[in-house]
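Both complexes shown next keep subunit A, but they swap its partner, so subunit B is in the first and subunit C is in the second.
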Partner chain A sequence: MSRISIPIGPQHPALKEPAAFTLLLEGEKVAAANVALGYNHRGIEKACEERSYIQDIYLIERVCGICSHSHATCFIQAVEEIAGVQIPVRASYLRTLIAELERVHSHLLWLGVAGHEIGFDTLFMYSWRDREIVMDILAQLTGNRVNYSINTIGGVRRDITALQIDDVLKAVDALEERTKYYIELATQEQTLIGRLINVGRLSLEDALRFDTTGPTARAAGVDRDVRRDDPYASYADLEFSVITDDHADVYGRTLVRVKELMESYKMIRQILKKLPDGPIVAKVPRRIPAGEALSRYEAPRGEDVHYVRANGTEKPERVKVRAPTLANLTAISHMIEGGYLADVPIVIAAIDPCFSCTDRAILLKNSGTGSESVLDWQMLHDYSIDWYRNRGLDFAGKGKV
Partner chain B sequence: MAVALFNILIFPGFLFLSFFGLAAEFVDRKLYARMQNRKGPPWFQPLADIIKLTGKETIIPREADKRLFKILPVFALASACTAFMYVPIWGVKSLFPFEGDLIVVLYLLTIPTLTFFLAGWNSSSLFASLGSIRALTQLFAYEVPLFMALLGPALLADSWSLSSISAFYAQRPALLLLNIPGFVVALIALQGKLERVPFDIPEAETEIVGGAFTEYSGKLLAIFRMAIDVEMIVVSAIMAAIFLPFFMEGPAVVVFILFIIKTLIIVFLLAVMRTALARLRIEQMVNFCWKYLVPVVLLQILIDLLAKGALK
Partner chain C sequence: MEGDFPVESDITGRLAIKFPLLEGKLQITRERRIFADVPSDIFQDVIGFLKNEMGFDHICTITGLDVGEELQFIYHISDKHGIVMNLKLNVPKADPVAGTITPLFNGAVFYERELESMLGAKIKGLPDGRRYPLFDGWPEGQYPLRKDWKPEMLTEALAQKEQAKKQAEGGRS
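So, the complex of A and B:
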């Protein structure tokens, strides 16, 4: 059977964001897979260096729409650590509340996307209808459905009233009922199970070898969760279990995410019960003293790592964002190879990819000669002028370097 | 002659079929949407879709054979419409009944699937070729259960004419209970013929973009979509004629209205199947059809043969 090379991406109905997967197919089986990124690179890390810390919160938040609070909080935690600021307990609880609400919305979104990828549009419609409950709550608490902008250096920007607490509790009750239905669906619907079981297998050894993180790793039995292992915000005060599974395939990842939803509801109730009184923000100077910090956060997709280096001015010297999808992406070609073409969309969707989070500066090495070259700003500018000049357009002299 | 032309072109021929096909598509999409807790499209949506498609540019890939590319949708629509000539609508007699028209109808219904395959293969596009291969593979899976499921009742009725089969069961409705397994198998196999979830593998949007229809646009895509709608009506009508031939006596208008209702009941069942299930992989589908559907339909044929012997 002859091999054909088929592109999934950069534009493809299976992908929500551009990435290039080139598959070598033998009939319906995938013989080899090649992953190429970079389509969503927006120069955010460089842009952070040109803006003050407060402006950077809004920029970092927009790294991703679904896990915006994760990135914002992770960044803020690093900055607060450098500044040596201890935020008020109430602020910490509110941050955790929004974090768990974000996890709920992200996992419900994932459930819908997974349903759509396997042709189960009914699941997509149902789960996104239920997701509207949590989106409305987030809009009520923060003013926006995504990109909540609830964080500021030293605490949070908005407080929560007693009436809002009631609404959140009612919403969580409704969502818990619906999530129980989805657990029932995931364990009993035969066509769903048939599409998910034994698909995208990633054993425990491979999960550790590829450094996967989040539900992708926990579905293989890797017992790691930053909320428990390295508690940040108020997670040290909360009681919750880390959900692991031993299916080591897409079915396991589905179960992990759905059960994590139930844990999130428990946590949200605990947060609202234990919410202490007090201020919601502490005073922090505009100039952050020199220093560096690494901050870890358990985003819905896995471990999010931010590194910030300050140099005593109003603007950071270096911000580095390592999104969880980058860690999980290396395992994709391993999971796709040897499988069916029909499984490729759901395997990609099962790591819950967020290429907007992932595309940061990467170092390209010429694999033949091992050489690498670094282009600085001026060289990049000249390179692009030449590229267009070769195609008949002259942009020289327009725009500054 | 004029009557025949009227029958072929207007009623119950091309024009009636087109509008009934669009109406059935609306019913299917509306039911699908309501079952998903959505609003669903307005009644004129399928007609609006066809009108919009005819107004778009038709792009033909450079490496595809132009004539074949343009004529394949017409073949699909033509064979689906022709099959309708032999289905009883306003009574037990169809327009031009003859012994063996059941076989001719099934043969005519296979032609659209072949045109889908050829359309994808001719398009010289990666996704289209994959879709066309899947369409043929799927044909091998559902064709045998479908044919045999319609064969069983025909054996019992001792005839190969849809009209005679319909008349036979209309006079002995109790025998329809014997055909229930065949009914279920035919319903599932039809979902494969119409390439709808869980069997929409040849056009799996998230896997192979548009399957065999990836490169089709404009008028040609409109004709293909119309062919699929007409196919749904034809198969629903056949199901209604063979498995639900109740109240076939009476004024023609009443029987005709009942025919519409029965056809829409079949459309409803197909829509429920579409809503409640996920898409299967092609090898899962082939396994399912040959491991589960074929034994059940063989049992059905056995039941019909025994009943035939008992009736004699």
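So, the complex of A and C:
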């Protein structure tokens, strides 16, 4: 049979972010696959060297539109280690709370994308509707849906009230009910199982050989999780299981993620039950001393790695970021090869590559009158300019949308 | 300090016995973190020993730094107990050559390509492939993570390229 080479990407409707795959097809089967990356490179590491540590927190938070808290926390942990800062226990618990809420929103988002990629759009709509519950909670706790900016060097910027704790617990109850349904679906719905089983296979041996991470690795039986192995924040105080599976395919990756949701709910309840009183931020030296640190963090997609070297000035000497997707992409060619062309989108989606989802309109409700108003992008822009103008900063004319 | 971390001290002790050249070059910075300055002629032996004999079988990433006259590469490898060994290798900027570790760690391909693209390292034995993460038209000889690199250098090089292209087209018509 003759072979045809087809390019997919860098821009392609089946991809949610730019990456270029060159597939060599033999009929419907993929004989060889090649991945080219770098289309989203924004020079953030270099930019970090030009900015202060505080500015870098907000820059680093924008490495990823989904696991923004993961990157910010991973970076800040390294800076705090260099500065010799021990953050208050309450702050550490609050960081962990946001971390697990972020994992919940990220895994629910993934479930929807996976549903969509296999033509099961009802699952996509269900899980994205349910995801709004956790998005609202994140917005309530931090003031924002995506870039929460809860972290600061030495702790967190916002405390949680008793009323908010109630809301989080109610939300977790609702989400747990829904997740039980998804687990039932994933273990009993024959169409779903049939569509995902044996697709995008990655054996335990290969998962280790390519050094994959997160649910992609755990679904092949790799028993690795930074939260347990190299505990940070308050994970050492929490009881949870590391979910692994031996299906070693897209189905296994689905099971791991839905079951991880249940572990997250367990952890959130423990955090809120044990949450100690006390300050939420520690005193931090004015200048970060010279030094270096390596920080690891279990992001929703796997191990996030940050290395920071400080030179004693107000700006870091070097900031290195290794997001989990880079570790998993080395294995993707292997997962695609030997499979069908029609499986390519779900196999790529199954490592849960990252994309940004921040643009949206905001519904404002006046709590006094109950009246509602919808702001479109332009109105929101004008509102922000007025907000700053009233506080003595005039940004008008500095940039039009 | 060493006494506070029995597991980590045991690892540094074993390494120092196996490689006497590492004596005094190993530092435990905190629980589960060890840093080591590794002389280049024993680097491959050390990283191979750590992977094959001591269970450091996972590579977190490789960090590359411009440290003046030299480039420094830090290989962050970990074991199943969450201990991360940070192996530092310094090479002269004039001849920044390091051997590939991809036969040991298959997953390190992109990390080594990054060292080549971003810092101008030469990784001996790294299989051919597209550069990462810079784009195809990136000017030769510019390495953005070197301290003397400024964004204007890119703008200038691209403008010159554009100019040369226009001239070549003008010459033909």
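Before moving on, here are some points about what is shown:
Quick note on the criterion: the second predicted complex is superposed on the first by the 353 of 401 C-alpha atoms of A that agree within 3 Å, B and C clash if a C-alpha of one lies under 4 Å from a C-alpha of the other, contacts with A are read in each partner's own complex, and residues count from 1 in each chain.
The rule is simple: a residue touches a chain if its C-beta (ideal position, glycine included) is under 8 Å from a C-beta of that chain, and two chains touch if they have at least 3 such contacts.
All values reported here derive from a predicted model rather than from experimental measurement.
After overlaying the two complexes on the shared chain, residue contacts for A:L341 are found with subunit B alone; subunit C is out of touch. Of the two partner chains placed around the shared chain by superposition, subunit C is the only one that A:H41 touches, whereas subunit B remains out of contact. Contacts of A:A327 after superposition: subunit C is touched, whereas subunit B is not reached.
In the superposed pair of complexes, A:Y182 makes contact with neither subunit B nor subunit C. When both complexes are overlaid on chain A, the residue A:Y251 reaches neither subunit B nor subunit C. Contact with subunit C, but none with subunit B, is seen for A:V305 once the two complexes are overlaid on the shared chain. Once the two complexes are overlaid on the shared chain, A:I4 sits against subunit B while remaining clear of subunit C. By the touch criterion defined above, A:F120 lies against subunit B but remains apart from subunit C after alignment on the C-alpha atoms of chain A. Overlap of the subunit B and subunit C interfaces on subunit A comprises no residues. Listed in rising order, the residues of subunit B touching subunit A in the complex are 35-38, 126-127, 129-130, 197-198, 200-201, 204-209, 275-284. Per the touch definition, subunit A reaches subunit C in the complex via residues 36-39, 41, 43, 45-46, 81, 208-212, 224, 226, 229-231, 292-294, 296, 303, 305, 307, 309, 317-318, 320, 322, 326-327, 329-331. Only residues 29-30, 32-33, 35, 57-61, 63-65, 74, 76, 78, 80-84, 86, 105-111, 130-135, 144-145, 149, 151 of subunit C touch subunit A when the two sit together in their complex. For subunit A in complex with subunit B, the touching residues are 4, 6-7, 12-14, 25, 28, 115-123, 125-126, 129, 189, 191-192, 194-195, 340-345.
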